[in-house]
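The following pair of complexes shares a single chain, subunit A, combined with subunit B in the former and subunit C in the latter.
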Partner chain A sequence: MIAAHLPALQVVVPLLAAPLCAILRQGTIAWLIALVANWCAFVISIALVLQVRELGIISYELGGWAPPIGIEYRVDLVNAFVLMVVSGVGAVIIPYARKSIESEIPRAQRGWFYTMYLLCLTGLLGVTITGDAFNIFVFLEISSLSSYVMIAMGRDRRALTASYRYLIMGTIGATFIVIGIGLLWAMTGTLNLNDLADRVPAIEEARPVLAALAFLTVGISLKLALFPLHLWLPNAYAYAPSAASAFLAGTATKVAIYLFFRFFFTVFGGEGFFDSTPLPEIIMVLSIVAMFAPGVVAIFQSNIKRLFAYSSVAQIGFITLGISLASEPGLTGALVHIANHAIMKAGLFMLIGCIVFRLGSMRLEDMAGIGRTMPFTMAGIVVLGLGLLGAPATAGFISKWYLAEAALLQGLWWLVGLILLGSVVSMIYVGRVVEIAYFREPSEKVAGLKEAPLSMLIPGWVLVIATIYFGLDTTWTVGIAQDAAASLLSALY
Partner chain B sequence: MSPADHILAALAIPVIGAILIALCRKHPNLRETVTLVTAVLLFANVATLLPVVLEGGRPAVYGFPVTHELSIAFEVEPLGMLFGLIASFLWIVNSVYSIGYMRGNKEPRQTQFYVCFAVALASSVGIAFAGNLFTLFVFYEILTLSTYPLVAHHGDAKARTGARIYLVLLLSTSIVLFIPAFLWTLSIAGTLDFVPGGILAGKASPLATGVLLALFAFGIGKAALMPVHKWLPNAMVAPTPVSALLHAVAVVKAGVFTILKVSIYIFGPEHLQATGASEWLVYLATFSLLAASVVALTKDNLKARLAYSTVSQLGYIVLAAAIATPLALIGGALHILMHAFGKITLFFVAGAIHTATHKTEISQLNGIGRVMPFTMGAFFIGALSIIGLPPLGGAWSKLYIALGGLDGDYWFVVAALMISSLLNVAYLMPIVVRAFFRPPDPDDHGHGHGHEAAAPAEGGSMWSRMQEAPWLCVVPLCFTALACFVLFFAPDAVETLLSGMLEAPR
Partner chain C sequence: MSTILADLNYWVTVFLLVGGLYIVVAHGNMIKKLVGLSIFQTSVYLLFISPGKILGGTAPILDDKYTLYSNPLPHVLILTAIVVGVATIALGLALVVRIHESYGTIEDDDLTDLESDT
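Right after this comes the complex of A and B.
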């Protein structure tokens, strides 16, 4: 029965496809393999969501070895949701990637790019699906190492320093995580998350356990670019090839955020423990600063990819804010924003990639008047930008609505105000892009541009339409996220 | 088609129109025909709902849920019916005028102009027919966004600054104040539906009611209540048809319409009166309407003066919503109608003067009534209606609001309204006097802008002296001026319609 092996296939399909790309090398064939593998992964993730909704938590023993000895893959609604987001965003980006990569990466390296892409996808899906703490570390490194390579493939030479910086910071993060996991293992004798969830609450006052929590929090914060550990992100996103920027912006940080959920609410025994530590306050303060400081920095960027990279740091602040509230609407808002932000930011980087494809520049100043020569690309960017600032009838509104509601339920009026003020900051940087693109006279270069090729425009617009669709119909986002949040709070796993 | 289909059609027609207009961008005549046909169809379609509403029906579309608490839904009640009729009817008139104006001034980017206009109208209709606060909010924001390109139309530094202020003020007030307002409403009342008698009645404490009302009153920036009025004068950089329909009718009226709607269907008039929570708003609205009139006096730019006049007149409607007695509420709704026709006339005139002579300042208008008698005659009528003199429509609405104020024991309101009317005289009548009774300036031959006509020869016949704007501009403004007169005889009909909005649920 193939249905019973879906959890393994989720990771194995892209994992096997990756070396296939490396062996065949040729760009188009590698692209085709990546396309098929990614779409398979997406279909599998949807099937998993449906299975989990129907049958509850799925436990899969890899190679038939029972959990304490073997590795267990464990799928509940939370990670099924994240799996769907990650593979779904990838599935939209891959058709787009072909033209974009052809213009940005030399022929000889294209096959390698898709290899790295598939490894990165494998890593992200593996981190999400596995029920084993050390396995998390392994997959996290697979995804990180492959993303360093993807970033370094950027055309701009600054891509190399950006990648190097990410490598240093990412490795520090990974080290912290592995120390945290090691401490947990030393204290409990298990690496299985489910067993950890059983044993940790009994000894959660022990100092090594608290130290483990601290190491894990800092390590994961580095990976998810929580302010002020975000310094690797802007340049990495700015100088990576467009397709890689879109993929990483949509998925990589989201998976790290998922680890927050898993460790705070599953391993460390749910709401009660999380609230008893100073963590909620610390994360809340950092999130609030993240909502504003990088947002303000974004306003003054002259490189459009850096602008939206800073915006990512700000939006991640919204997600972690939801986690710090530790209530059902708060976690719902955070989970929904994982999906919504993935859709919107991936879409933005894809459409920006369309502009870079035609214009060959990422400078905002060079884009004066581009709204007239590339109307569909720019219109898409406007809609996605509106989503980012949380305009009603876009996906962004839904996430912020739940976050604001969560703050209100806890009587935090000032926080409602701050969440909404955060949207005003996004309005300013989105507005700046719109003004330059529409209300300045096009330069000669811009006036001679053509609209982006359809193979790039259509995938971008799929996410534009998704942004509006998920602003109006939330059965697949809020519907799942709400149940997932409830299961997290009751520490079901 | 059932009434529910007509509601959906009212939203679909302008959107389809917008798409067709965009497709016809290479053929200006066809494009303008599409605009006109769309406008007429929209009005005809909205009008079919009127008999149903008059009979007490409340056609509704129970759209679809967005989340557990939020849903998109439409319901047509009398106030929304009135607003929908006004907006869609004046769109026809304004479209005719736009064609004359945009071609007369050889404006750039006309396709974008007509497309945005159609989208703005679709969202106005959406606001009018919204069945709950969330739906209203969605269309409210779309209206802001779709009018932004219209304000920035000229694309120069001034237009960009004006448009930026417009967008930032309207969006940020709506995000920072309006969203918390309906979030809070939801948490108190458990629903956001518009229900006669109010959903907060009996549930919100007087203090909470007062604070919520403040969130609504300032969060609905389109109502231009001081101190959130700055966007309106700044929006005057837009081409005049935009100022006329959107910034005298659709956008600003959407604001005060929302405030009336919130007062009647969210708070409930009786709740407002019983708690006294709206008393502060009575004072603030009175201040706003007087202060704006005073500012209007100081403006020499015609459109700026009219803009402040609009701020002042919107204050009347907010005042009515705050007084919340039945007469005041009917007066407020009537004022939406009466002021719409009066002010659109005045803006049409400003645009016609600009088209014919490129003059924008009041001090340049000496003697212009002799060369543009129809235009300035219409201005005179429109001005009288704004001042509130019989036999023009504006007289009724001010009377109702004043009587409503007496009902609510706000004596000073009557005094304030009288002072305001005097101020209206003071800032509008000098324009008329200048135009008809002052001799033209000697150095001004009225042709400095490519017009070939000779200087107005003294003593020639009236027709030979005339230098009117294109007839496509003049006819609409004469028509709306005439309508101000006709409306004087119509308050009964409107009152019959509106009385339904205050009835308790059946």
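Right after this comes the complex of A and C.
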């Protein structure tokens, strides 16, 4: 009985848990509620993946109203996969969040933090699962508004300005998305993504439809921080509370990337339309610049969270590169990298949060020799760093392998070279962290540090182990992503 | 001239859209930026509402007497969008208050200077 309502429960469970946290206020109880709700969401998402694999696309009529009038939740392999990544990353972060939040947020605000966290999760899951274009906007704003609040809760006063700038950029992005949706609605008379996919191909050449595509592309690019629209991201991730950084870095941009997939290949999916526009070239060029420019900026950062935030922009470049290739291995690589990067970056920000917890500083210079006093934390960071640069036997290798394969398939030899070179850039900034942490004499402050508490270290290491595991066994990543990519390209939805 | 008048609502939409976006980009004062953002969002309300209205159309009543009616959907959508807009501006203003408390200024340029010092 419950199995039939899983798509609704996926969103409703965290949505109802959020006000509960707000009413109870008390930190520990709110945390427990968030934990239970997030784990339920994760279990539901796994059940959805299994259901979709067995029965095909699930269409859920919200409130029993049939699709063109009511809102439809539609789950295919692509969004089931993203749902699993988002709720899975959250499920690992939540046990970690308790200690970390206790040290970073005053007692009276802790309940609010979990409320915002759950609302953000609700929004992200909602964007992913919904089959209605306007619903996408509403959920996107739920997740964005709550993430602005989470960022503003950071201890540093720069968190406030970071949050404000993110709010301005994020709202411009969201408004562009609504304009795009509005134009599509005016031309087709429907907001249902499935109906749009049926009706848009016939009028693809019409000027308002092309304008809609342009507005959607720019709006979504702002949300996913595609170079050069990434300027809000580094400070937002750097000054947010550690648990929020980890969650946002792992999930928020990934959901925006999912929207790229949905709009480019489902709504505008007919007969190689994506290839006939200049979009693949534009996105490819921006992705290549994104692989290098923010990577080079990352090398010169003195704040470790900012360093890895810039690295996020670079890694997003790898994902959008896969989209621009618009071939099966390209999309597989992009989808797999959504999962792998979510795991690796969330893990990195969690372990960096461990360092901040003990050291109280985010400056790289203060971390000299920290590899000797916090060996497990640093070892985890090194493994995840290796994953970022795509070392064999880590998850990062798998995604870059598929991207390189996609480039070769289209005879773009130079692109393979650039992908490798992009990894070299990541090697430099990861190398710099390793050098400071291991090859310098620890300062007095660092020498007196203890290893991070287990409740923070274990969740971090779960993601470290996941990085290695998904580098060796890819049935749950590549296995699903390949089928998902095939269904995207054949415009099945 | 007649084409401009025929599509007047769209011209107003475009004017508000570009004007609002310009204020966001060009002004350094954080409150003015939010005002611009609000104008920018308002343009979208108009974009949605205009194609829903039909001259001489009634409210959508299921009756044989009325055949020509306006589409109610955009009104519902825009009600939602207004709520989202209000929440965004409220949150933005709250942030500006907090920024003023901790920095003593809400000018973008001054903030950039203050931030690079610390």
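Miscellaneous remarks
By our rule, the second predicted complex is superposed on the first by the 491 of 493 C-alpha atoms of A that agree within 3 Å, B and C clash if a C-alpha of one lies under 4 Å from a C-alpha of the other, contacts with A are read in each partner's own complex, and residues count from 1 in each chain.
The criterion applied here is as follows: a residue touches a chain if its C-beta (ideal position, glycine included) is under 8 Å from a C-beta of that chain, and two chains touch if they have at least 3 such contacts.
Because the structure is a prediction, the values reported are computed rather than measured.
In the superposition on chain A, A:A186 makes contact with subunit C only, while subunit B stays out of contact range.
In the overlay built on the shared chain, the residue A:L32 is in contact with neither subunit B nor subunit C.
In the superposition on chain A, A:L449 contacts neither subunit B nor subunit C.
In the superposition on chain A, A:I57 makes contact with neither subunit B nor subunit C. Contacts of A:P392 after superposition: subunit B is touched, whereas subunit C is not reached. Once the two complexes are laid over each other on the shared chain, residue contacts for A:I46 go to neither subunit B nor subunit C. According to the touch criterion, subunit A has no shared surface contacted by subunit B in one complex and subunit C in the other. Those residues of subunit A that touch subunit B in the complex are listed here as 386, 389-393, 398, 401-402, 404-405, 408-409, 416-417, 420-421, 423-424, 427-428, 431, 435, 438-439, 441, 471-474, 478. Residues 17, 21, 24, 30, 33, 37, 40-41, 44, 47-48, 51, 73, 77, 80-81, 84, 87-88, 91-92, 95-96, 98-99, 102-103, 111, 115, 118 of subunit C are the ones that touch subunit A when the two sit in their complex.
Taken in their complex, subunit A has these residues touching subunit C: 134, 137-138, 141, 145, 148-149, 152, 157-158, 160-161, 163-164, 167-168, 171-172, 175, 178-179, 182-183, 185-186, 191.
Subunit B contributes residues 64, 66-68, 70, 72, 134, 137-138, 141-142, 145, 149, 152, 155, 159-160, 163-164, 167-168, 171-172, 175-176, 179-180, 183-184, 187 to its touches with subunit A in the complex.
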